[in-house]
Amino acid sequence: MSLENKSLVTIDDLSNGEIMALFSLADGMSANMKEQHGLCQGKIMASLFFEPSTRTRLSFEAAMQRLGGSVITVSDIGATSLSKGESIADMARVVGGYADIIVIRHPWEGAARVMADYAGIPVINAGDGGHQHPTQTLCDLYTIQKERHTIKGLKIALWGDLKYGRTIHSLIFALAKFGADILFCPSPGLEVPQHVIDKLITEYGGDLEKLGSLDQTAKDNLFPLDAIYTTPSSPHQLAMMPDISVQIELKEGVDALYVTRPQKERFDAGEEGRDFKEKYPVVDKKLLKGRVFRKTLVMHPLPRVDELAYEVDADERSMYFKQATRGIPVRMALLSFLLGARGLDVPEVDSPPPVDYPVYRHDISPVCPNPKCVSIQATEIKYLKPEFKIVKTRPLTLRCVYCEHGFEPKYVASTDWHEGKLDTKKYHDADSHWARTIRPENLIVFNKAEEAQAHGFKPSHYTGGHH
Amino acid sequence: MSLENKSLVTIDDLSNGEIMALFSLADGMSANMKEQHGLCQGKIMASLFFEPSTRTRLSFEAAMQRLGGSVITVSDIGATSLSKGESIADMARVVGGYADIIVIRHPWEGAARVMADYAGIPVINAGDGGHQHPTQTLCDLYTIQKERHTIKGLKIALWGDLKYGRTIHSLIFALAKFGADILFCPSPGLEVPQHVIDKLITEYGGDLEKLGSLDQTAKDNLFPLDAIYTTPSSPHQLAMMPDISVQIELKEGVDALYVTRPQKERFDAGEEGRDFKEKYPVVDKKLLKGRVFRKTLVMHPLPRVDELAYEVDADERSMYFKQATRGIPVRMALLSFLLGARGLDVPEVDSPPPVDYPVYRHDISPVCPNPKCVSIQATEIKYLKPEFKIVKTRPLTLRCVYCEHGFEPKYVASTDWHEGKLDTKKYHDADSHWARTIRPENLIVFNKAEEAQAHGFKPSHYTGGHH
Amino acid sequence: MSLENKSLVTIDDLSNGEIMALFSLADGMSANMKEQHGLCQGKIMASLFFEPSTRTRLSFEAAMQRLGGSVITVSDIGATSLSKGESIADMARVVGGYADIIVIRHPWEGAARVMADYAGIPVINAGDGGHQHPTQTLCDLYTIQKERHTIKGLKIALWGDLKYGRTIHSLIFALAKFGADILFCPSPGLEVPQHVIDKLITEYGGDLEKLGSLDQTAKDNLFPLDAIYTTPSSPHQLAMMPDISVQIELKEGVDALYVTRPQKERFDAGEEGRDFKEKYPVVDKKLLKGRVFRKTLVMHPLPRVDELAYEVDADERSMYFKQATRGIPVRMALLSFLLGARGLDVPEVDSPPPVDYPVYRHDISPVCPNPKCVSIQATEIKYLKPEFKIVKTRPLTLRCVYCEHGFEPKYVASTDWHEGKLDTKKYHDADSHWARTIRPENLIVFNKAEEAQAHGFKPSHYTGGHH
């Protein structure tokens, strides 16, 4: 099997089997680094980094060069045509004519999707805003797999900024896909966003158990724990147990503690001044003396700031520099796959079946409410049509196909109105009985009554306060 | 024949035959991309970009790497020694000792000329301020040639910012060289500069017909048209016809419509606030429905802003992404030529004979009045001697050899004054009878009376208001 | 012999024999440039430039590519993880997992030392603040060696900014190592720092003779001369002669005049406004007509500003562009050495024996007083323990192992106090008789009385004004 011409935008673009096949190839490459130098000779990787980065960019560039390929780089948004107002689609088509594969990092969420849609060559998402960072996730999974020989059934604690950490978002879905349990240990105020939780539960199954206050877990002499996700494949009964029994469940210990720094560059205005460290323990020697951490892999996507003490570096549980180093063979494997330089021998591994949502794509359309979504930026709105997955009907919930943020429109209408009678052109409350009778292919949604009225719709009996 | 060690600073540095030979080679390379990988192995291209750029820089770097060569890059003026006050000549000599060929983009007009003068290795101008961008022109011509199999006799409309678009300036001379007619369709206020028109007429022959007001052409149901240039090789009688018959002439349609964005980064203070789109149509589906555009190639050097609608992208007349993609084989051909990796089989093609102007180079010299000219910048004036071509005598007109801007000095004198009699050290009005008796090799010019007096000259009888 | 896995942080990391062996290899490479292209195939150099640079970065990158190796580059501090607060140690460990060798330029003094301590692969210092720039020094020495066939016994004049010019500091030690005499010709106010002088005298032997005022040397019709260093290997008697005889000594002329620009980017607040050119002659044709300069090599590390006139460029004594060009084979030799691609045939050459100072490394420790020292920066202080060499006892002088700045602590104590009697926990004046009885391994030092008291020490009889 070949992944040639496939793109990697979210971690879901790879099946569990493909991921395991990549890891096998990475193992082989890492054992014979020098022999890979002819594999991508003559191939060009475009490395487009529109956000500060050292690690990821250098890792990709080194990986491509270890394969004998070469690299063209944009690493500074100021020095590029983006400052002349160029759209991502235009850049995609142009660079797609120069290179054989594109790696992109961009502050707009969904930017890599747009790049992949227009480039005509494979595109790898190296981080798009707070959305995803799937190759970091591959490095993370690879390290867990190498150290524990499985991912299924492990207990992985996520620590720190779970709100803006895109590595966290990719990792959550990947862990769920492989059947790991997840312990959420957010810095207060930096909890996992609801749209990530929603996707987790609806697409990967399993349960999320919210725990008591941090004070309670602290009293229980446990590390700060906000919620626990248990996969459907998990044999234990954790989800049904009250908070107090978390201790019992955790007596076998945590398999990995994944620490992240506060992503200050993505904080909004209100958050900037706050000190998120205040109430939250630093991961240091003292914390790691806890029983539950006895055999824990200490992981971090790096760079760190203050959340992970240097005194831990020499500890054999510390994996973060190994994670970085292992990024080279993992990315080499990925690049040679996507460039068609290596075929793929995919093992039989269970993957959760993809969920097939109805799609909302209509000339009358709300715009995505996420201010960082690529689809609403001035240069992109000229050509990108909004498009959403209808992921829930009660309440009606749409998810942007670009940034994957969800929202609940307030009003709906039906394309069925056009039966000659203009009177039938009505809009309804999205949570009304009537709204639920509209079939997805006929659905029109609005965030505001004014939007509906601007398109000639009138309030119906099922529109609260409008008749 | 070999172009080895030649530089490409303006499009005139290549004869028509050489350009056609480059295109043949580009055809061959594009057909066998993989076989070119050994051609420049071991060669180094220095890619020096002192202005924002993605497209051109990446295109050159990809082209060099497709040839098996490698690249050293400077892509940010802030990160370079220019910020330590280094001159272009010094950088040229240093980088000339590191690399085998230099590609330079620079905001100062004439910078590539200086680089070429001092580097000791071939230099390619990738855009110097508003002056020229000859490799973009090669890509443009290549696309026209591939699509129409000739350039001679075609009607090419230039659309948008014809004032600051350096790609436009290079293209105008190239089209004239190959015998195409040019339709000027500038955004109001962004007309082609006079010095470009002057060079066009005096060096390439042909005629420029100014048309009536835009209102008139609009009334005639035509697209906005400011002037028409007809080459001497053109058989038609357009130049002799009144405005009204433009419609008749254009009944066969326009062969290419070359659209450009407003080059806002080069606008002067007064222009910045203005809205140049205001009175000017966007190139969109509606406009392209016009009869004259039925078979028109729609071209754009990219990036675009708002002047070219995305709805046109899928139209088969749209050439702009092809232009970009074809930049790779064109630049590969050029690089391998200039590096001596490929010989040249130059066909017999008519080229307009080069015009040989007398040169003004004198210790007593005015400075170039173009504020963006390389020769007057603080770091360059230390070693660059002003030098001008005397391109016209009535009125006396000098053209800077660096930026090619022209100007008309107000006063002249003769080096013949030094016959012992200090009384003969006189200066005269440049448009006086006496001025025209001075032979070019004896000519001294001044922009101001004060300059003349500072050098010890006194006003003569032929100096208005000074005797 | 192999230099594999060795780092080059200061010029002292190479013995005289190794330097001469490098120069032989550079000679060979420069004669057969094309044959070196397979030498480092498959190897990756990380080029980490956290300060503006063209020359040095491009020179290293071109050198690596001439060897067939490839390059990953960071050339802008804004575009890197340093802006996310990453430490040098973390970056070292990460990049050390990607590349085979690291070249680093950094504004903090001692940064390259830290990089070398943590990277696990060879590190080359390409300039760390005002500290050292050893590969520039290699290029300088190589040029002198090629032109004069020796360094020993030559008279080398250093001209301009001797305070902030790191190339100057590396060069001084290198010249002393090879037995050259040094004439110091600083711009007034930009004299060689005392810590450099101290190291020069104590580690390389020889004498420094301070000359009379600049006015005096000017009166003697000599170029401005501040001090003369004569090596121990020097047979002449200069150091014993009064100022007036300098003229006699210099009658054979100066062998090289090494000019530097004012390093304005490192000036402190008080210096920024001053005009250092004011009292100091520019090196121009006129100056070089002086008898002493008749056969002088005119050198400059470039870039120049105004201190070296362009009119000198064509002079056959001018070496500065040759210095730059020769940087390629020198760096090629160095890279292939450190990467283990070439063995080393080290000739027998005298090197001054390394001086073995006692080291001060204690939990109770002052911090380095140099504000640009890497060891006191917010991101580095988290893990770096201060460490000093005790280079002198009268007055007690410590030298930071990172930035090599020296300082004289005011107070001392002894770890011997812990004999149960708290009364013995005393601190003393560093210049007291008692202080000198403390053995180095027991020494504790303080810059302030408060520091001593904060650690529970009380003033002793040998603490001035404290009892």
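Letters A, B and C mark the chains in the order given here, with residues in each chain numbered from 1 onward.
Keep in mind that, in the parts below, a residue touches a chain if its C-beta (ideal position, glycine included) is under 8 Å from a C-beta of that chain, and two chains touch if they have at least 3 such contacts.
Not measured: the values here are computed from a predicted model.
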Between chain B and chain C, two copies of one chain sequence, what rotation angle (nearest 5 degrees) aligns their Cα atoms? 120
Please tell me whether the contact surfaces of chain A and chain C are same or different in residue numbering, using the over-half criterion. different
Computed distance of Cα centres, chain C from chain A, in Å: 48
Return the residues of chain C touching two or more other chains; collapse runs of consecutive numbers into ranges. 70, 73, 76
In their shared complex, chain A is touched by residues of chain C numbered 41-42, 44, 46, 70, 72-74, 76, 78-86, 89-91, 93-95, 97-99, 382-383
Which stretch or stretches of chain A touch chain C in the complex? 34, 37, 49, 52-55, 58-59, 61-62, 65-66, 68, 70, 73, 75-76, 261, 265, 302-306, 309-310, 313, 321, 324-325, 327-328
